[in-house]
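Two complexes are shown next, each including subunit A; its partner changes from subunit B in the first to subunit C in the second.
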Partner chain A sequence: MARTRLLAHRGRSWTEERGAIPFLLPALAVLCLVSLYPLIRGVSRVFYVYRALTRQDVFSGFENFGLLFKDPVFFRAFGNSLVWTVVSVAAMFFISYVLATLLNSRYLRFRRFLRATTLIPWAIPGVVVSLIWRYIFLSDGPANALLSAVGVANPPAWLTSPQLALWTCIIANIWMGLPFVTIMLLAGLQSVEGDILEAAAIDGASYLQSQLRVVMPSIKKVILIVLTLEAIWTFNSFDIVFVMTKGGPGSASMTLPLYAYQNAFMYYQAGYGAAIGVVILAVLLLAVVLYIREVLQ
Partner chain B sequence: MRMSVAKQVLLHVVVLAMIVGLVFPVLILVFNSLKTETDIFASPVGPPHAVTWDNFRRVLTDPRFATNLRNSAVVATATVLLSVIVTAPAGYALSRFKFRGRTVFSMWLLATQAFPGIIMVLGLFFVLKRYDLINRLPGLIIMHTSFSMPFSIWLLKGYFDKISVEIEEAARIDGCSRLQSLVKVVFPLAVPGFLAVATFSLLLSWNEFFFALVLMRDNAHYTLPVYLVRFLGSGGVVQWGPLSAAALLITIPVFVLFLLGQRYLVSGLTGGAIK
Partner chain C sequence: MRRSVQVLGGVAAILILAAAATSAVTLQFVTPVWQSDTVDVMDEIVAEWNAAHPDIQVEVISIAWENIDDFLLTSFQGGAAPDVFHEDSVVSYEYGVMGYAEPLNKYLDAATLADIPEKNWAGVKDDSGNIYGVPFLQETLVIFYNKALLAAAGIVPPADGMVTWAELRDYAIRLTTRNAAGQVTTWGLMAPFEQRLWWCLVDQNEGNVLVRHDDGTWHVEIDDAAREAIEYYMNLATVDGVMPTEVLSYDFTGLLQGFKTGKYAMFSFGCWVRSWIERLTKNQLDWGMLQVKGPKRNVTETDPQAISISSGSKHKAEAAQFVAFLTNTENQARLAKADWLFPVRQSALARPEFQTTEDQWDVAYQWLAFAEDVKPHMFGFFGWEWQTFIPQMELVILGKSDLTTALEAATERGNEFLRRMGLQ
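Moving on to the complex of A and B:
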């Protein structure tokens, strides 16, 4: 008894508030120096415009936002970014859900090996992924060679067609995102008890019904985390479009991060690039807030 | 509820088809790296007719490749070490202490995931300029560490949660100070967590492209992803053979380490998400 009381007493001092400070200090220092401070400085750039004549950044209030709302390329990039993110994440979720369900089946042989193989795209650098897919979709590349082989007369020019360029990049992005989503969903599925499914089956639920009404709700939290993170990463993603199409042809596959980069580092309009960045930040913080509200409920 | 044999066969066929879809693009890269330029476009899909090592020879004899490989190795190693050192105490604090601002801190970590690269890089110019770190490897190391931190702290919190407080208390009763019990008892138990963080931050740093592209200004300071894109851009015609060889050489080291570390990373990620 005495020993337990002693432990309880020590347990309190163990979780004492002041004690946390030295543990948090290094992380807080790094976060403030390279996350909080640059965020503030970066956002403040939005109020400055570079004047080529005097070669100086001049305070200009909301001028950059004014320009933004008159810029058709910005709107094009905004629309593209939404399509890019929604389609990518929806497809990743659908394909990964099917794959995770299959990988979770107790009738599958070599499960460990097959699960490990699904992780492969995860280990490949984004620029390498982009190069592989750029090659696959060359007009005389593997994709069209396969299409010709099955008798398609005029296979499309994937990367240089204004209608297809963005979609071609989306395919590469989906491929790259599949391992993470699959592995997370698989972990969720493994935590679902077999008996709930059997109970649902006894109650006469069809396979699809039991997936939608029983399995998905019970792994709702994992689904939410994965979709939010993947949406944030995809909306912010730069490598694939930069390497595969550079936003082209014209601005057909331009996304917001790429357009911001071009303005800031190719046209020397840092303020304008920052304005695009602020729009990205606003959209993503909305996603984070929705996510936090959902999780805290 | 036994599955019929036909369905079992179908299950294997579908899974194999999906796995092929995930692996085949990588195989194409391997094939191309071993093909001559004419062979690449004569048969874009299949294996090489005659294996050539010229592509690899060309990349490996390029002095820029060696320099940039060294840069990538330095940046990635430093990022891994720094990430573990900085996030281990923070993850521990998040797991063990109830402090004011704990929720705010967790939310801040999540929110950092949403910060656009362009804003960060524009803001960072001020910080890095002040310490003369633009076009320097330490600047990139600090950046990569800050990217890996939020996720790593969250990963480690999950691992520390699994280590019972009683073990620490027992150590304390045996006369250990808090620091001693941490170093001698808790950290050794959290090694799988450190390996998860190491794998995650290694992957992140080795593969990171945007900040390396913007912050590094010359050949002497590029990392491998930038090397690859420069390679792609030099000259009008893309030489897919050497490019594929370079891409493969860049992928192999991190791929091997990923295979070794993936089970820690996977169990860390999924463990944290399920709870």
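Moving on to the complex of A and C:
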């Protein structure tokens, strides 16, 4: 019975929605032009290589993909991208959750002002954020000046040390990503009824237990969507590493988007760059599928 | 009636002026000049040109050196390239090979061809003799040193500033100091990979890394002389411990600051950095310059620049006129002086301002005799260097690989890269 009702509902919807198709076509055409066409063009580059001696782009089949598996810089960039994404997103979530909880507290003074200031990093363009952090971490920048002032004899070379360069970029990325995650989590926290928390407290739940067993499950959907979106954006992020370290020293902080860019626009290997782009696309599709599933639910 | 005539006359005048305005050609000129004095001189030169040529106006677009390659490449591919651009000679040549830079042979007069040495033309020429840029500015790669630190270490550099490999190593060892915990407080030498002292050493030892065969193909063939030079350079960091691992990557201001504060006793860079040392230290640091004497020949990197015309430009003849003006003796000399570089035109180079003792122009000048573009004249050189060679050297510097293994891997990966580029 329920099944019959559902099908009838679907049928009515389709009839109604069919009438809207002509109105949607122009938007669809624009979307294809600005999104689908570049994607197809980009992917088609994967099958070509530029031969300098003959000065021609020649069809090379899957050669560019084959080369990826022999390229240690690609593997390093892949590993770095995973570290960059996992650490950034995890840290963003943890710090943002604490911040959002604070900003949601009715005991916090100047709550509205503090909520507004939280958004500041988000209002600054990524390149500017990168330049600010680059300045902070220069060998004679404020970070090392502070360390010297507190008695550190040899402050680290944040941007030029192979061990530190990627982590320095991650710090900047976390700072830039905090506002979005904080505001989204804050919105989620505001939807949690106070009664539930009171009931949990009456049942003897500690603060931590309330957070883990009551609050987090209540805003699970928000958390999943935020984490998925942030993971996609972070994996795809380019500006911070490009401005702060250019992937160096050597390839110590190289990430996949930057490596794709370098190949395509600096080393005249558009096909190889496109192959790296396809790998990025494949990884991000996994996250996109997760995201769509959550949204549809 | 009279009013109508006046109105018609006014309209006609406006139309004539508009037609005149629209018939003027506007050339876009992309340049990476960035030092304030150079920017001022470039603006002056362009303003002089614009005042003298109302029908060919030039609009300057400033792009940083670090972004100019991708700006130009995407502009070429997008069909919106500037008419004239200022680049490294080797990049002008590469754009020519790809068909983005116009051969300039028909625009160059005999006087210009004769005034610029053949070694500079060779850097912008392909095998068929097409010239893709007018060689413009050059430098000498030098080793800056802190005179007080050398004196404190009891080092007296030779009067001509030429030091052998052994002397350079000895200086670096003696200048390196450590605190009680064993941490380095002063590094003897900082020679960033990007500045290519190591390439100079290879050339000085008559070594080969990239070899072109008779059939025109390129191959990575690292011979013993090259290996000896690379080993010498690497050992400064890995065995002697007198050069920091930051040679892989450095920040310019940090490097200069480090020189000022005594973190680096010597560092290798282009001679134009004199301007920044003067500016930063405000004449409070006594510094000098050294040149490395090769075991077999003397070579220093000249890193030449060139001015080119886009093949997609609709106003090539006008662009060629502007390039001729920009690169004439007078203007080359003005720009070179402002940028603390040297002009490639011999008529400009002969001017006394490039040989004066003030700001040690004469010291940098004397080594121009050895100045060559040490980068092999190979399409895709930078890609080969940074994708296949430097990553292996990085492993050696970081102690994750020995030199033999790294050079074998660099050879294998390098040849693979060259095959991919269609150079084999």
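We adopt the following convention: the second predicted complex is superposed on the first by the 272 of 297 C-alpha atoms of A that agree within 3 Å, B and C clash if a C-alpha of one lies under 4 Å from a C-alpha of the other, contacts with A are read in each partner's own complex, and residues count from 1 in each chain.
In the analysis below, a residue touches a chain if its C-beta (ideal position, glycine included) is under 8 Å from a C-beta of that chain, and two chains touch if they have at least 3 such contacts.
Model, not experiment: these values are computed from the prediction.
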Which of subunit B and subunit C A:Phe265 touches, first, second, both or neither: both
Which superposed partner A:Ile174 touches (first subunit B, second subunit C, both, neither): neither
More subunit A residues in contact [subunit B versus subunit C]: B
First (subunit B), second (subunit C), both or neither touched by A:Leu24: first
First, second, both or neither for A:Val89, with subunit B first and subunit C second: neither
Subunit B versus subunit C as contact partner of A:Leu166, first or second or both or neither: neither
Which superposed partner A:Asp140 touches (first subunit B, second subunit C, both, neither): both
Touched partner set for A:Gly250, first subunit B, second subunit C, both or neither: second
Which of subunit B and subunit C A:Pro72 touches, first, second, both or neither: second
Common interface positions of subunit A, toward subunit B and toward subunit C: 138, 140, 261, 265
Subunit C residues touching subunit A - in the complex, by the definition given at the top: 66, 69-70, 73-74, 94, 97-99, 179, 181, 183, 185, 216-217, 245-246, 248-251, 253-254, 257-258, 379-380, 382-383, 386-387, 390-391, 394, 398, 413, 416, 420-423
Residue ranges of subunit A touching subunit C (in the complex, touch as defined): 49-55, 58, 63, 67, 70, 72-73, 138-140, 153-154, 157, 159-162, 165, 245-246, 248-252, 261-263, 265-269, 272
Subunit B-touching residues of subunit A, taken from the complex the two chains share: 6-7, 10-11, 14-17, 19-20, 22-24, 26-28, 30-31, 33-35, 37-45, 95, 98-99, 102-103, 105, 107-109, 114, 116-128, 131-133, 135-136, 138, 140-142, 145-146, 175, 178-179, 183-184, 186-188, 191, 198, 201, 221-222, 225-226, 229, 232-233, 236, 238-239, 242-243, 257, 260-261, 264-265, 270, 273-274, 276-278, 280-281, 284-285, 287-288, 291-292
Of subunit B, residues touching subunit A in the complex: 1, 3, 8, 11-12, 14-15, 18-19, 21-23, 25-26, 28-29, 32, 41, 43-45, 85-87, 89-90, 92-93, 96-100, 105, 107-108, 110-124, 126-127, 142-143, 145-146, 149, 153, 165-166, 168-169, 172-173, 178, 203, 206-207, 209-210, 214, 224-225, 228-229, 232, 240, 243-244, 247, 250-251, 254-255, 258-259, 262, 266, 269-271, 273-274
